[in-house]
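Take this structure first; my questions come after.
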Amino acid sequence: MLQTFVQNILNALQWGSFYSLIALGYTLVYGVLLLINFAHGDVVMVGAYIAFFIASLLLGHYSFFPHALPGGVALVLTIILTMILTAAVGVSLERIAYRPLRRKGAHRLYVVITALMCGLILENGNLALLGASRKKFPEMVDKVVYNLGPISVTNLKIAVILAALLVFILLQFIVTRTKIGMAMRAISYDKFAVPLMGIPIDTVIVFTFILGSSMAGLAGILFALSYPILDPYMGLSIGWKAFIAAVVGGIGDIRGAFAGGFILGFVEIMVVAFFPSSYRDLFSFTILLLILTIRPTGLFGVPKTTKI
Amino acid sequence: MKKIFSAFLFLLLTLALAVPGLAKSKIIRIGFNIPLTGEIPKVGESSKYAAEMLKADINGKGGLQVGSEKYLLEFIYEDNESKAESAVAVAQKLIDRNKVLAIIGPNSSKQAVPAGEIADMNQTPMISPWSTNPDTTKDRPWVFRAAFLDPFQGPVAVDFAMEQFKAHKAAVLYALANDYSKGLAEIFKNDWEKKNGKGSVVAFESYGDKDQDFSAQLTTIIAAKPDFIFLPNNYNEVALIVKQAHDLGWKGPFMGSDAWGSAELMTLCGKDCIGQYFSTHYAAAGATGATKEFIDRYQAKYGYVPDDVAALTWDATRLVLQAIQDAGKLTGNVRKDRKAIRDAMANIKSFAGITGNMKFDDQGDPIKCAVVVRINDKGEFVFTKSVCP
Amino acid sequence: MKQKLAVPVLLFALLAVVMTLVQFEVIDLYIQTIILFIGINIIISSSLNLVNGHMGEFSCGHAGFIAVGAYVSSVLSVALFAQDRIFGAPLLPPQYTVYAFPVILVIGGLAAAFAGLLVALPSFRTRGDYLAIITIAANYIIITVIINIDKIGGARGFMGMKRVVFAMEDTAAIPWMVLWVFLFTILSIIAIRRFVSSTYGKGIIAIQQDEVAAEIMSVNTNKMKLIAFMLSSGLAGIAGGLYAHVIGYVNPKSFDILKSTEALVMVYLGGMGSITGSILSAVLFTLLLELLRPLQIIKWIVIPLLLIILMQFRPEGIMGNRELVDIFPKLKKFYRFK
Amino acid sequence: MTVLKITALTQYFSGLCALDNFNVELRAGELVGLIGPNGAGKTTVFNLVSGFYRPTSGEINFLGRSLVGLKPHQVTIHGVARTFQNIRLWNEMTVMDNIRLAHHGNLQYNLRDLFFRTRRYAEREKEIYQRAWHLLEVFNLADHAEEKPKNLPYGMQRKVEIVRALSSEPKLLLLDEPAAGLTSKDTVELIELIKWIHRHFETTIWMIEHQMKVVMSLCSRITVIDFGKTIAEGTPEEIRNHPEVIRAYLGDDQI
């Protein structure tokens, strides 16, 4: 029983890491623009596909580039390139779809709907371009299963958990310690004060999308490495749930997204471990509702006091 | 404002006019109600490819010989988006608009059950290649299917596992929101416990829609120490489950169902799936005759080994064409022709399909054999055993 | 006075024409099905608009309430009027269907309204995006509950409603579903219109624009939220009941979050807080989905693209928060005194 | 007759004392002022009276009935109306609807009347409409009845907000800095308006104001608070020369 429990803690840590990584992207954009970027889950999907193509290229799977790089080098290159390209995708979404709407002063929720539509285009565009076959992500590093008695861990699992932790520390540092990070936080309070700090608003927003989308790219690679089957709708369900995690943590707060992701991961895994698994969604969402009932603005969310 | 209104009206009008009108005679029109978008686009694609291949074959020979005349085939593919209401609208459209003689599809039961109602009500023969829910054909004389039913496949898996693995304790992991998976899991559990005593299914776990992480369920299953794990799941999920189970230290065997039978299984699953068994409609490796020919041609044309949906669609469509030929002649009166085709379908004595010989029982369900295949080191599905009803 | 009767007369004439056309098979079943879907979608979008548009919340779980209505009314009508494996012989003779059906639909609506409490009660304390999460969670919870009840089919879905429809048609051979969908669509629109045009109902618009001011100007905001959520989900439940009987089969997967996003799209396409906008967008959206079907996969790229482009030109939806009469003031004389 | 009697009202916000032992008594027909430097706790007093906060301790008695624990809308139904420092009108509704909605707490019809459009519904809606119309005419706003408040000049928005508060026929009207953000010309008009309201409506008025000119020319009595404590009370003349007040406003080193 104890072994099962410890094993499940490890499972939950890995699963929670993914929710955290994706929730961080939601929360960054939300913190700056108050925009629920519903396309974020699909940006993760795009990240995974980009990683797939780069990895296949670097491992010499395509005939026009028949030089296979060693797995480790290929992995590092894939991570870097994927993060850059996914960031480009995220920024283009913002430039093409969100910014013009914002300029026109559209209601916030119209931008949210636009984000939903962008998500649909990414999914179905992928389907139309690449066909309905799912893609198998290549194995870039040799999997090692460590057996500590009855408990099993893979090197990948450890890497995922570490990556989530590192990303969190990095983002927390950027947001609290750097000038542009402070501008990001300031912008949600007062749009007009930020230019006074000497940073144009659009720069801050683009930077936010770069950060958020590159994290989505990273999440995409790690996801593809852990669950190596890619299909155009893979980002849908995890995207919605990560959004829920971000809100339970207190949307707009980096710590909140991080904690919320792990909480959702733990709740889901533990419900399955100790209750009939068919009740998972029922139990886990009821627990989340209870958390929100006790703390209506999430764990780290500051209650928004309207000045009367 | 008014401009936008009129622009929209204009757009709608043009689109309405663009919908194709009625075509000329000497054509047999068959509708395909398949999911080209939505949750399972691959299923729709396989169906479409198989049908395209068949159509090219027959039209290449100048058409289908019915009685003394030759008819060209026209297949109309409509996308049901994997949605129930869409499948209903598509069925209506194919019947009323396109005046098809018969409908192939929908494939998954969520769409096939309501679309079957429409077909039955409008007296149009429909055959679902893949649906396994008994409701699809139950009390519907106009609706048929090409796949065998869960109540047959479940015991096949039970008997095979008991014999092959000498197993007494089984574990099941199924997809909660997938009626196929859930139904088969329950039938398997009942049958297993009937034969091995109560409590011999030591773990009966489920997961949700579009899940990718199964570690918690697998941890529970592995802790219960079953002799093997039964996975009545779609191949894409199977690939993830098997891999994660190995990550968690599982070394025992898996047993699967016909939903494993996709060409993609091995590309997705790789070496983790080698050596596992599953029950299915046909064994691609070592196939002979028409089956082999179909597999080779499909692979040459589309680049991958056809999955069971493709094979079943091929059979379903050929069944319909066979029935049209059996009917003797086409009158041109759609209602009469549909009736003749339905009667001919119900009366098919024996049909040699690439997924085995079959005929229909009085519910419109096929009586055919199931095979159990093993995945060999080359990733081929090798025939192991055949079970007939 | 004559002019004020114009709208009812027009509606009645439209119903009569559609019924006759259907009765004499001038329009085929396909068109008929699409007309029915349009009606159902109108109820769905305008009822969601009550919460998302007029009250300004962001409810993303409308499909959950549609599911409750669909299941409750289906189970009731099948249990009462159809031979069924689960519920056995019909409890009432078939000629009662005609009278019982609207009652069953309303009961389905009431059940959905009670499910609406799941969202309405938390709305007292939370707003905005936090409430959005609660609605999504409510959607997931409802679907999971249905999947776990084996008695009503679980993941396999539930059917038999067509037999009830047939029983109605056996009693009197007219296209009953066309009649019911038409009737309930009109009734829903009237109910919503009457609600938001009254001083009482305007309370929810006040909540949308400034909740603090609403509270201080004697609007019982909690009660208004409760009423708005329950009315909205209740109407969604009625739409669900109609949907179930038109299709003849319900499956929990048909009411997942994707269905909710469709409803959202219709609301924001039409314009927040515009009833005519919701009607228009429901018609447009349903027709677009049908007409673009030949495009297959491309359809699901074209439709979002169209919507994105539309929003760039009209960032407030087709109608904004205006009604048709605001654009064509001449129509005003056809309406009664507000 | 005493309209409002506040005794020992104290409010803490997470350990911070916002208001300490505040007492006041307003008699019918009075026009009283509440002044103090920024952050002194003036708006807190209004928020406590109108029910947005529940006081830590103390009693608020309005016409013999305690207001403590009531929700804002219940307080309003009992006859206390207020305006806000930063105007809080419903900007997307017409001016007319803004005024009509003030009757929300006293509609006298139920949902059945609403959905079936009964006679009672029609009569009540007509009555509310006519009353609102009358009020708009009295205040020369009838021309703007169908406009949206956001399109009106700031001074007029202020006026609409006051009219909205009045239309619920309050016995006590709380005005929170009505002159904030107004031009000097508008301020003069505002003073006249408040005087006029005070003469023609049977309502007691209690106002917070920053501009001495406004308070001094309107109020018969003034309370001064600073850091949550009452530091002075009296007629405008007495307040003008009160040393504590001067210190609070100008700082210690001035003396």
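First chain written, first letter: the chains are A, B, C and D, and each begins at residue 1.
As a convention for this text, a contact is a pair of C-beta atoms (placed from the backbone, for glycine too) under 8 Å apart; a residue touches a chain by one contact, two chains touch by 3 or more.
Note that the structure is a prediction, hence the values are computed from the model and not measured.
Among the remaining chains, D is positioned farthest from chain B, on the basis of C-alpha centroids.
Remark: among chain pairs A-C and C-D, A-C carries the greater number of C-beta contacts. Per-chain Cα centroids separate chain B from chain C by 34 Å. Centre-to-centre, using mean CA coordinates, chain C is 42 Å away from chain D. Rounded to whole angstrom units, the spacing between the C-alpha centres of chain B and chain D is 71. Among the residues of chain A, those touching two or more other chains are numbered 124, 127, 278, 280-281, 308.
Of all residues in chain D, those that touch two or more other chains are 52, 84.
Each of residues 144, 147, 212, 297, 300 in chain C touches at least two other chains.
Chain A meets chain C in the complex at residues 30, 36, 97, 100-101, 104-107, 109-110, 112-114, 116-118, 120-121, 123-125, 127-128, 240, 243-244, 247-248, 251, 278-282, 285-286, 288-289, 292-293, 296-298, 301, 306, 308. Those residues of chain C lying in contact with chain A across their complex are 52, 58, 122, 125-126, 129-130, 132-134, 136-138, 140-141, 143-145, 147-148, 212, 257, 261, 264-265, 268, 272, 297-298, 300-301, 303-305, 307-308, 311-312, 315-317.
Across the complex, chain B is touched by residues 3-4, 7-8, 11-12, 14-15, 18, 124, 127, 131-134, 136, 139, 143, 145, 147, 150, 152, 154, 157, 223, 227-229, 231-234, 236-238, 268-270, 272-273, 277-278, 280-281 of chain A. Residue ranges of chain C in contact with chain B, taken from their complex: 28-34, 37, 144, 147, 154-157, 159, 162, 243, 246-254, 256, 284, 287, 289-294, 296-297, 299-300, 313-314, 318, 327. On the side of chain D, the complex with chain C involves touching residues 50, 52, 71-73, 76-77, 81-82, 84, 88-93, 97, 100-107, 109, 111, 114-115, 117, 121, 125, 128, 164-165, 168.
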